[in-house]
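The two complexes that follow have subunit A in common; it is paired with subunit B in the first and with subunit C in the second.
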Partner chain A sequence: MANLPGATGSTNAVSTTSAQVRPTGFHHYLTLLKKDLTQEFRTKEMLTSMGIYSLLVLIVFGAALAQTASSFDILQMGGGLLWVLIVFTSLLGLNRSFSHEKENGCLEGVLLIPLDRSVIFLAKASSNLLFLLAVEIMVIPLFYFFFLTTTTPAETFWMIVFPLLVGTIGVAGIGTLLSTITINTRGKDVMLAVLFIPLIYPLLYACVSATTAVIVGGEWTMDVYLPALALAGGYDVIMILLSWVLYDFVISA
Partner chain B sequence: MEKNAATSAIKVVKLTKTFGNRKAVDNVSFAIPQGAFLSIFGPNGAGKTTLLRVLSTLSRATSGSARLLGIDIKQEPDKARDHIGLISHNSMLYPDLTAEENLLFVAELYGIENAKDRVLEMLDSVELKHRRHDVVRTFSRGMTQRLSIARALIHDPAIVFLDEPYSGLDPHAVEIFDGLIEAVRKDRTFIMVSHDLRKGFDMCTHALVLSKGTVVAFDEKNSLDFSDFSQLYAQTVGMGVA
Partner chain C sequence: MSNTKKAVKLPEAGGIFDKIAPIALLTGALLATLGFILTFTIASLVPGAAVNGVELIGDQMVSNKLLLSQNIFYFHVPVAIASMLALGFTAYYGIRFLMTKEARFDTCAKVVTEVALVFIICTMASGELWTRFEWGVWWAWEPRLTTYLILMLLVIGYFILRNAIDDPERRASYAAVFGIITFVDVPICFMITRMIPSSVHPVVFRTDSGMPPDRLVLFLICFFGMLLIAFALYRLRFRQVRLAERVAALKEQLDD
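Coming up: the complex of A and B.
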């Protein structure tokens, strides 16, 4: 038992008995991301809970709209419904994304290691993005089956991929920053929603516009789609850069 | 202690940490040489853990300075972190990763060369090599604490902070923990926060008593015996032996 490596200790202030080379930020990023993915693939906690939740929301939408099918155009509402589904499912996932870090003080363990705090943000935002995209891949065919099989979406329907991608990047980035801020607050679930929805409102508005435009189609599709997508993309860049810059302060506080 | 200032492993000068209007740590100064074992005592709310968090760079001091091995933790926190290990009542281990994955994760973040070999070496040392593929969630408290020692020492830090490390350990686990600490003690500098006056006093070379965030006593142990110290503690803090 008393044969620990380095048991003689380090008398030298700088050198250590275990050889170390300061890794690059990219190496730190990959290590943190790999840890999140390993953990999720083992527990499937986020994917399962978000998947089941989104299915339940679809069922509720179906029940709520069952009696009104003939009185409104589902194509006009499709984009909005899809983004309601994505936003609420994301909130559930984002609330859980830091629960593992909180358990056993793991986040403090990471903060003890000399690494750029912004890399922690990037890695966590990337894992959140991958989990959200995985859930969207499962949910969008179901959404189509539930709501769009009784009607005919425009030929541009496939273009919903881009607002979904741009919107999900923003949701993951902003959500990661906010879930870090709310991790230690009382009533963090509500607090995250209270901060998250107002902050993503411009992004949400742009993504709903772009998604609706390509579902409905028509001559004016690109006139709405492209500016909305540009707005969403610009908002992503600004908010993610801001999150990157603020993260050191946020996580240290 | 001033005579040791040049060779101090840890030198703290007028360190203050406030939360709002409340001073959790108030104008604390002390210095200890390399190889020292400082035990910090004090009642609940005395500021022990806050002081340890500031020294381990987890929290920023409001004012004052602290140097670890001559490195200013405010100016160069990353450089200081290379030399810090922390063992606390929180294991800092991911419960759904295996023992090996947990240590490999930390080793790769520190940039340890031959990380896999180092991990196996550390697991062997804490007698957990046979459980390396098991997730930490299945470990007993004692096993988790042993693994957290391996985690804290994987980069061979010169300074080790212990924050209530005995919390929740049964007597056998305490014995194993003491053996492990003894094995790595030579020439490393330790700071331990503990409520256990007897154990903290037995292990230390220096003792510091905090009350309401301020240092009420700080001395080398060799000038004191336990009964003197417990009397001093009772007088300064206004409590009996813990």
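Coming up: the complex of A and C.
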């Protein structure tokens, strides 16, 4: 790959002041990631919209469960509800993540840089992952506050961190590929949901079972938790590798 | 179809395959039907089938009703396997397209996915009959059922995606990528009964299945018949699509 010296294509050119050093793939990655983060810090568009949306979903849950609150076990349902929240919020975020690239013609600009296209995938997936994790950090205490304070979750509750992390990595990876595809289609918002939800289903299933296992606790927690986590991790690895390989074809089509 | 030396050999309509396609369709239909009928007539019943009323066989309550209705297996499983094989070809043609950027492979991928969708719907329909009849419910969130349902949704999503893109080359690339990703679900669906044991979907392909030999032969007849049908449907539909493409190209030439 013939890199132009110093052509990192951004105002935040990385590290070197001299134009002699060829930027490596890692430099490209950092620059692209920094571009997304800077944009987010200036506009706060993604975080506010996703944060408010997830709060609204929590309120809808409240209404949906209002009539049942005394007679069912919220611990059994908590994991599932949490993942419903994450899936819908990430759908919203993934839709937005490429739309402003498209609107301002940024994507063409990025594609002009002579870099390995899969670096774009990694950078974009990382920024999506960071935004999703930030939203989760905001929303999980709220979820706990609204739904789980009436009961006592098991002591293993803190272990929901791992399924959340593994699940969010998969969602960000698969979602980045799919949102790149759907950005160029008619009816792109619906399109993303149509492709995204079936595709993450195995991951979702595994993550829900792992999350529920540690929220409910009990004797066989680990017997459910570890295989489910391994399943989710395996699916992540396969999907992200595939997306990484195929991304070049998608973005240059 | 796999020699990629210099010039890529493109699949084309006509030739020997299209000549035998109608015969293959007829033979396949005959074999599948014959095998299915024979399971009711000449085949030895599954061990312990001659029960009156209900009896306990190998930890399972078994009745004559169950033993006869389980013959849907000889339709359901071949159709399901054929649909999975067809999706394998979707991924194969997707890879070929991405390698060569030849529109022909995109046509192949589209046609083979159409065949897969037909077979998937047949699988779902026959499975649904079985679910209702034997378990008494229309739907159960059971691993095999669920993974197969999302397989169906993915294939439907594949066609929705195709319809939502106008530029042919972009459509072909995206469809190829999505077809390859979709294929990831096929091994998951196939292996799921091994990973998460469920009482209702047995592990079919194993060495100690205890299927009587004559039943096994009948199963293979049904299976082979179904594969012939899938192949013939693919060839017939491919020929039709290809000829339409050629007519369109000719029209364009005439206009110029």
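In this section, the second predicted complex is superposed on the first by the 232 of 253 C-alpha atoms of A that agree within 3 Å, B and C clash if a C-alpha of one lies under 4 Å from a C-alpha of the other, contacts with A are read in each partner's own complex, and residues count from 1 in each chain.
Just so we're on the same page, a residue touches a chain if its C-beta (ideal position, glycine included) is under 8 Å from a C-beta of that chain, and two chains touch if they have at least 3 such contacts.
Values in this document were obtained by computation on a predicted structure and should not be read as measured data.
Legend: residue contacts after superposition of the two complexes on their common chain; A:124 is shown touching neither subunit B nor subunit C. Of the two partner chains placed by the overlay, neither subunit B nor subunit C lies in contact with A:96.
Annotation for subunit A, partner touching more residues between subunit B and subunit C: B.
Looking at the complex, you find that subunit C touches subunit A at residues 98, 146-147, 150, 153-154, 157, 160-161, 164-166, 169-170, 173-174, 176-178, 180-182, 184-185, 188, 195.
Those residues of subunit A whose C-beta lies close enough to touch subunit B in the complex are 1-14, 16-23, 27-28, 31-32, 35, 38-39, 42-43, 100, 103-106, 108-115, 252.
By the touch criterion stated above, subunit B contacts subunit A in their complex at residues 34-35, 56-58, 60, 69-70, 77-79, 81-84, 86, 88, 90-97, 101, 105-106, 108-114, 118, 121-122, 125-127, 135, 151, 153-158, 176, 179-180, 182-188.
If you check the complex, the residues on subunit A that touch subunit C are 177, 181, 184-187, 191, 194-195, 197-199, 201-202, 205, 231, 238-239, 242-243, 246, 249-250, 253.
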